[in-house]
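There are structures below to look over.
Two complexes follow with subunit A in common, the first pairing it with subunit B and the second with subunit C.
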Partner chain A sequence: MSAESLLVILSGIPWTLAITAGAFTMGAILGIPLCAMRVSRSWLLRSMAIVIVLILRSVPPIVWLFLLYFGIGSGFFQVGPMQASIVALGLITGANLSEIYRGALKSIHPGQWEASHALNMPRWSVFIDIMVPQLVRVILPSATSYIIGLLKDSAIASTVGVTEIAFQANFISRRHFQGLEVFAVAGLFYILISLPVAAVARYSDGVLRAKVAR
Partner chain B sequence: MANENGRPKVVERDEIVRALNVGKSFGTHKVLDGINLTVRSGEVLAIIGPSGSGKSTLLRCLNQLEPQTEGSITLAGITIDARKAATKKQLTDLRRSAGMVFQSFNLFPHLSVLQNISLPQQRVLGRPKAEADIRSRALLERVGLASKADHYPVRCSGGQQQRIAIARALALDPKIMLFDEPTSALDPELGLEVLAVMKELADGGMTMVVVTHEMHFAETVSNRVMIMADGRVLEEGPSQSIMRDPQTERAQRFLQAVKNR
Partner chain C sequence: MSDLFTFWLENLPTMIDGLIVSLEVTGVALAVGIPLGLLLALGVQSRTLAVRWATMAVVEIGRGAPALIMLQFFYFGLPQAGVSLTSFSAAAFALAWTTSAYTSEIIRAGLEAVPYGQKEAAAAVGFTHTDALRYIIVPQGLRVAAPALLGFSILMLQATSLCFAIALPELLSQAYMIGTNTFQYLPILILAGILYALICIPATIAVSLLERSLSRHTA
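Let's turn to the complex of A and B:
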């Protein structure tokens, strides 16, 4: 394969990373209110959260993407391919992360809240000093493996013309009729990007979890 | 009556806790019914009784972890009446006077032993970290765990964790300490180290309310014993007379059952 082809595929990496990071950030933030609704005392909020999460998770990512890009994006709003990809994956990520957050909340022993209250700790401190550090330790391993999944899902952005890794690989393979090599290289890139993320996952799972294990 | 455990007999001293006609229901399930209770400064009250009789619930009402649904509770001068929602300030003032120790220790697992004791001092009392750490180390010394300061709670035995939890509560200078079965989750031997710390606290004049299954503690360390069953007070009075000579048939049955265990 020519150096030029390799460079073209390489040029897709920033887009792949941008979609992954953008969608994850959006989902990480969106997951917080969704999780808060899901565990709220209000019956209405809880049901709304259940329905939203169900809808977001049952529709395939590519359908969300087409809905945003060709559906909404071609009508009243102008939605670019990049925005549509980030928002589509971000919405789904939000739903999934809200469930991961909820699981983490449940994993915190109720005695932690009781002790904090009995000690009279201010509410902000209970959240920042006691809950967040424990939640992060529980969430980090699942969140990092979710990021790896998201990295691969970002390839669907190629269907609406975002020039990320899969798009460029497709482009090159059609131009030079060398599918096997090109897609093998693209696959290799995905693996290389996943490695550091997987390392973080392993580290967080081992070291951090050991600390909070009861 | 002579006081065999050598503690000065409590005569007229300030009341720290007064519960008047306290009731608590969870939905339709009535867990506490018409509880009256007074604890004076320096006194140690042991609460015993069969499982499910409402001992923990009563203790949790005293520091308002669970608000009572009937009656009023006064703790360190703060009165909270079931008919009127407590203000945030009332709750803060009340809880500041009451330290609590749980059956399951409830240390913060992600903080070192020292941080566990220092952080609440910094956040609740606004003590500077250096000052808080000095106090924490002194308390760790007192509970015999000075060497554990930089460990994490998981690295400590149950008995050590409970002593750390006691130090954490004491660091906030409470006027009264509430213990909910502090030794129930421990092997008997580890329970003894915790009981020794509690006895020393009692001897030092700390006011304590202790829910316990340790009959020896109830009889020898506490000044008074209260026996509960089905959400009511069966009997209450000086430790030895209650433990050796209960009046009601239900209390006799309970004490018989525990002694034969």
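Let's turn to the complex of A and C:
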């Protein structure tokens, strides 16, 4: 494979990273209200959250992407390929992260809520000063491994024409009829990008989990 | 509104055809991938260094590379090496590889959940290593892994939608084709989403119920 082809595939990396980062940020924010609804005292909010999460997770990412890009984008208003990819993956990420958040909330011993209540701490302060530092420690390992999954899912953006790794690989393989090495190299790039993220995940899993009070 | 339903009804047979293809690919990928995943799970624990490294490479590539890239590698890449696959067999091979890589990790976790004492007890009563695996470790490990494997199977059905990229006439490809012909992308894609959800939502609920009933005695 020529150096030129390699450079073209390399030029897709920033786009892949941008979709991953954008979708994760959106999902991380969206997950908070979803999780709050899921653990709320109101029966209605709880069942709404369950239904939303179930629907978001039961339709494949690429179908969400097409719904946004071809479905909504071709009729009511314009949606760019990049926006559509980030929003589609961001919605699913939100649903998945809300479950990760909920798992983290469960991992905090109920005695801590009772103790902070007994000390008459304001509710907001309990959350920010006591819960959040512990939540982050539990969430971080699962969130990092989720990012790796998201990185690979971002390849679907190639189907709507975002010029990320998979798109460039497709482009080169069609032009030079050398799909074998092109797709092998593209796959390798995804693995190489996920290595540092995986290292962070493994490190944080070992160090941070041990610090959580039981 | 009734326009929408007549449009859906008109195109439902084509969509069902697509859904059947999706289910067939899922079935083949799981039928080939899960037994392979068991072999890989055993291979990763092998005492032979070469076997361990080889299986780890297969697993890491299968998990590390996006399924979309795998599909395109098999469909657009292999013809260059003189192996031309139909889109169905390319999809089956690629997704079976991905399945085996992911399920090997699930099954490995299941096997590790079997207490070590059972292996020792098996050795003590004179089981060979293979027999201990065959009659004692693997059956219990698979039982532990079952809910996670079913959950993964649901994800695999969703992953077949990626076969759109290699022109396999599965559900999403059919929806896209109808969309291109009629310019009614939104309604037909919504129908595709509903069809996926109709399978995946009950399946997800069933898996979580199964998980709960299996863990009732351990928790």
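The rule we apply is simple: the second predicted complex is superposed on the first by the 212 of 214 C-alpha atoms of A that agree within 3 Å, B and C clash if a C-alpha of one lies under 4 Å from a C-alpha of the other, contacts with A are read in each partner's own complex, and residues count from 1 in each chain.
We take it that a residue touches a chain if its C-beta (ideal position, glycine included) is under 8 Å from a C-beta of that chain, and two chains touch if they have at least 3 such contacts.
Source: prediction; values computed, not measured.
**Q** According to the stated criteria, A:G111 is in contact with first (subunit B), second (subunit C), both, or neither; which is it?
**A** first
**Q** In the superposed model, does subunit B or subunit C contact more residues of subunit A?
**A** Counted on subunit A, the partner with more touching residues turns out to be C.
**Q** Just to be sure I read the superposition right, which of the two partners does A:L17 touch: subunit B = first, subunit C = second, or both, or neither?
**A** So A:L17 meets neither subunit B nor subunit C here.
**Q** Of the two partner chains, subunit B (first) and subunit C (second), which one does A:K152 touch, if any: first, second, both, or neither?
**A** In the superposition, A:K152 touches subunit C alone.
**Q** Identify the partner contact of A:V8: answer first if only subunit B is touched, second if only subunit C is, both if each is, neither if none is.
**A** Touch partners of A:V8: none, neither subunit B nor subunit C.
**Q** If you stack the two complexes on chain A, which partner ends up touching A:V59: first (subunit B), second (subunit C), both, or neither?
**A** Second partner only.
**Q** Under the stated touch criterion, which partner chain does A:I29 make contact with: subunit B (first), subunit C (second), both, or neither?
**A** So A:I29 meets neither subunit B nor subunit C here.
**Q** Is A:S74 touching anything from subunit B or subunit C once the two structures are fitted on A? First, second, both or neither.
**A** In the superposition, A:S74 touches subunit C alone.
**Q** Which positions of subunit C touch subunit A when the two form their complex?
**A** Residues 60-61, 64-70, 72-73, 76-81, 158-159, 161-162, 164-165, 172, 175-176, 179, 183, 185-186, 189-190, 192-193, 196-197, 200-201, 204-205.
**Q** Which residues of subunit A touch subunit B once you look at their complex with the stated criterion?
**A** Subunit A reaches subunit B through residues 109, 111-112, 114-115, 117-122, 125, 129-130, 133-134, 137, 211-214.
**Q** So in the complex, the part of subunit B that touches subunit A is made up of which residues?
**A** My answer: residues 63, 65, 92, 95-96, 98-100, 102, 104-110, 119-120, 123-124, 152, 154, 165, 168-169, 172.
**Q** Could you list, by residue number, the parts of subunit A that touch subunit C in their complex?
**A** Residues 54-55, 57-64, 66-67, 70-72, 74-75, 152-153, 155-156, 158-159, 166, 169-170, 173-174, 177-184, 186-188, 190-191, 194 of subunit A touch subunit C in their complex.
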